[in-house]
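Shared between the two complexes below is chain A, which pairs with chain B and chain C, respectively.
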Partner chain A sequence: MAGITVAKLTKVFPNGVRALQEVDLQIADGSFFALLGPSGCGKTTLLRTLAGLEAPTHGTISIGDRDVTRLPPGARKVAMVFQDYALYPHMDVADNIAYPLKIQRMGRGPRRQRAAETGAHLGLEGMMDRRPAQLSGGQQQRVALARAVASHPHVFLFDEPLSNLDARLRMEARTFLKRLHSDLTTTTVYVTHDQAEALAVADRMAVMDRGTIRQIGSPVEVFHRPANLFVASFIGNTPMNLIDAHVVGGLLRIGDDTVPLPPNTADAVREGEPVVLGARPEYVALRPGPVAGGVRSRVVITEHLGTSILVDLESAAGPLQAVVAEDEAPPLGSEVWLVVALARALLYAKESGELVGAALGGPPTQRTTAASTATLPGAAS
Partner chain B sequence: MAATGATSAVDTAAEDRRWLVRALVSRIVLYGFLALTAAFFALPMAWLVLAPFEAHPTLVAGLTDPTLQNFKAMFDNPSVRGSLLNSILLALGTMAVVVASAALAAYALSRARVPGRDVILYILLLFSSVVTGSAAMVPIFLLAYDLHIINTLTGVALVLAGGLLPAAIFILKDFMDSTPASYEESARVFGASPFQILRHIVLPLVRPGLAVIAVWTIVTVWGSFLTPFILLQDPSQQPAAVEIYSFYSAGGTANLRLISTFGLLYTIPVVIMYLVVQNRYGFRFYGGLKR
Partner chain C sequence: MLLIGVFLAFPAVWTIYLGLTNFRLLGTAALHSRFVGGENYLNALTGGDFLHSLYITFIYVVFSAVIGQCVLGFTLAWVLRNWRGPIRRGLESLIIVAWIVPGSVVAFLWLAFLQGNIGPLVETGTLNTILGGIGINWWLELPMLSIVVFNIWRGTAFSMLLFGAGLQAIPPSYLETARVAGASTWQMMRDIVIPRSRGHILTNLLLISLWTFNDFTPFLLTGGGPGNQTQFLPVYIYQQAFQQGALGYGAAISTLVLVINLVVALFYMRILRERR
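After this line comes the complex of A and B, so read on.
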């Protein structure tokens, strides 16, 4: 059991690519930590550096109270699950799971016994004599997990472990991982590019972009108060509406329309300042007639999402999106007024892209937590 | 309309017939040619299989007076038995040196980032044909003499291995390049040493490659003549390929009884090996492999 402290970690590859730039990170003991970001953002490099498969250019890594920066991978007491699982095709399931124990010089009998116990715990009974090629993707993934568990590490490192599974299996495996973590309470670092996955499994997460961490927080914080425009546009099933606006007379001027400032943000902005109003498509409403504080727009396309409908709109402020209930789709081509739910709206400085104000101050209340979990099932589709 | 339709139908029928005749004739010519070619190569084979069982073999393939006397006479000849044993020792010894060294070298070359690695490999490959070629025989002889490995099977095995290694490394490196890096990385995270990774993971995965090299080495050494002929003076050290050379009378006439019998025996191991490997790994000496 150990927490992880990363200080000023920089990784420059021989070809000059700066994969990590002065990354600082604290991962609490026993937490399930997700590293989220688009491909090429450095999340996998950070994970591989934690594992010791890459040597950092600068900076230090501590696991527990040990500085492991210069230790080889095998001495760090970590276990890694790879995207392709890296199961050895010439060994049966038991030998695969027992491989870390073989390295630890445990005898063949006891280690196969331990492998069978670990495998049974992960639902692999009766498969101990099979080869990896004879297993389904989900089973292979559990063998890789069992192998990591069998090595009794202080830290689990997962590199996109679910990305090779199909959508339905991914949901199951996600729940399985979460349950495994609550059983073992081993510190887990989980790399993914899927924001829905990160929101679903992690208790804390970091959003990365081009080698730097853009926000660290709980999934609820990151979802409800994205710290900057990058996180705002990256998190969410449907991209957040980011509407250019100016502060005029204590109101937001959007094209010809005027929208009130979100509550608690009046002090954060100056008169005339260019800002970006952030509103998730789920947190807006459409009105058929003119309303005060509405943004006039026209319906271009509607897409069925199952229980809801995604409406694409055109407005003076550019394209907008709204999610409405399945029986409330406005007719194509009609004029509607988009009303932002100001209690959930976010305000960003246009220049820096940083969050300047949000109606929701501080840690979100219980009510918003319930709301966020309610939106998650759609996230996986 | 009807008239032209009928004419064209007749035309088509005639054309079809001409086409059939042409196809038939070209088939007959092709098969005739193939039969002749096959016979040309099959006759020596027939001689090789039949002559050892003939009491007085001539250069004509046939079985007029079948006997097993030839085999008895051959096995009574101590130098024949000795030469076969020498061949086996030489082939297995060279094989061991080549497989062990090639596995280590190929692994290192496959994983280490050496600048100009591919150039080094190609140069090695180029020189390999020189090492065991006749051009280098004099320096090799002198080198072996100075190292006191002349007139020993060890010396011959080392020289032959030197000639085969570059190609073996080249082939094996290809196999090792194709094993996913994540296999080794996961083993490294579990604390495996490079040697453990090689033994537990890489070697089992490239087993078909090792088999290719082992068989290819044995077959090559089994048939190699020049290197052992030059490096071994003592007749008791000679391998089978060199021994055949001595089955001539002083006057230069060939002892067909011995040559044919010995020739058959000399061929059998290679054929058996081909069949075994073909069965186990399903590869041909040309073409691809299935893993």
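After this line comes the complex of A and C, so read on.
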């Protein structure tokens, strides 16, 4: 068991790419920590540097109270699960799981015994003598996990372990990983580009962009109060509406429309300052007629999402999106007024891209769409 | 089919037939060859020359192909696998040049390279010039070693290229998983690289064994000598059939070589098919 401390970690590749720039990070002992970001943001490089597969250009890494910066991978007591699982095709399942134990010079009998026990714990009973090629994708993934678990490492490092599974299996495997972590309470670092996955599994997460960490927090914090425009646009199933506005007379001027400032932001902005109003499509409502504080827009496309409908809008402030209940889709081409739920809206400075004021963002108290779906079941459009 | 029959099958069958006669290039037997049955084979297998040639050919194959080319080629492929840029390309080109330059040209270069100080009229070889006063006459004093080194130099490129392709096919995550588990280079070789390269290793061994076994270039270097120290089987056949004129005997040995080749090929293919 060990926490991880990363200080001023910089990695410059020989071709000049700066994959990590002065990254500082604390990962508490026993936590499930997600590194999230678009491809090329440095999250995998950070993970590989933790594993010792890449040597940092500057900076230090400590696991527990040991400085491991210059230690080879094998001396760090970590276990890594790769995206492709890296199961050895010429070994059976038990030998695959037991391979790290073989390297630790455990005898063949005891290590295959431990492999069988670990495998059974992960739902691989009766598969010990099979070859990886004879297993399904989900089973292969669990063999790779079992190999990591069997060596009792201080830290698990997961590099997009679920991205090779199909959508349905991924949900199952996600729950499985979460349960495994609560059983073992081993510190876990989990790299993913899928924000929904990070929100679902992690108890803390870091959002990365171009070699730097843009926000660290719990999934709830990161989802409800993205610290800057990058995180705001990256987190969320449907991208957050980021509406360009100017502060005019204590109000937000959006095209020809005027919208009140979100609560607790008035003191943080200057008159005339260009700002960006952030509102998730789930936290806006559509009105068929003009209303005060509404943004006039026109319906371009509607997409069915199952229990809700994603409405694409066009406005003077650019394209906007709203999620409405499945029976509330406005007709295509009609004019609607988009009303932002101000209590959940956020305000960013246009220039720096940083969050301004103490807007709450906060978790929703009651979703209007959910309420109306409940009262009108089956009223399909 | 007709062309294959005329140019491949007929000479093969004719060789087997010749091996059963006392056909000669010159003399009465050239006109009136006689069917002698297994006499040529009996002579080959009981006389010392054939068995001597077989033995030194075996030594030549084991040291220059199996140990030299295969091991050196694998080592080079492993070391070069993560190199990029001009150094790698330069080194690769150099090794491949050794492989694609015609045999007679290479033989001439090596003759010049290893030339001994044999008289005032002959220039001293490059190696002896570099080494200074030692003055070993490589081709006369260490003919086997010289030819083994020559063949390793010449053939390593092929093994390197084949193994290079094989190593490329091993996903990096296989080795990285092992490294994170603490495996040494030797353990990664034993547990992952060699089992994963099995097919490449066996195919390579099959090809370079047969090529070396049937290699005639040593004749250009030493003419089989001094004495019969480098009289490998292809050289022996050539000397018997065309220099001595004993075509029937040469054909019989050729047939034996063919059988040996077949046995070697079947042996490797058998192992190859036993892949788990």
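Couple of notes before you dig in:
Note that the second predicted complex is superposed on the first by the 359 of 381 C-alpha atoms of A that agree within 3 Å, B and C clash if a C-alpha of one lies under 4 Å from a C-alpha of the other, contacts with A are read in each partner's own complex, and residues count from 1 in each chain.
Going forward, contacts are C-beta pairs under 8 Å (C-beta built on N, C-alpha and C of every residue); 3 or more make two chains touch, one makes a residue touch a chain.
Bear in mind the structure is a predicted one, so any value in this text is a computation, not a measurement.
In this overlay on chain A, chain B clashes with chain C. Look at A:292: by the touch rule set out above, it reaches neither chain B nor chain C.
By the touch criterion defined above, A:79 reaches both chain B and chain C.
In the superposition on chain A, contact of A:55 is made with neither chain B nor chain C.
When the two structures are aligned on the shared chain, A:332 is found in touch with neither chain B nor chain C. Where the contact sets of chain A with chain B and with chain C meet, they give residues 51-53, 72-76, 78-80, 82-84, 86, 88-90, 99-100, 102-104, 147, 151, 157.
Looking at the complex, you find that chain C touches chain A at residues 171, 173-174, 176-183, 187, 191-192, 195-196, 276.
Those residues of chain A whose C-beta lies close enough to touch chain B in the complex are 51-53, 72-76, 78-80, 82-84, 86, 88-90, 99-100, 102-104, 147, 151, 157. Residues 180, 182-183, 185-192, 196, 200-201, 204-205 of chain B are the ones that touch chain A when the two sit in their complex.
Contact residues on chain A toward chain C in their complex (touch as defined above): 51-53, 72-76, 78-80, 82-86, 88-90, 99-100, 102-104, 147, 151, 157.
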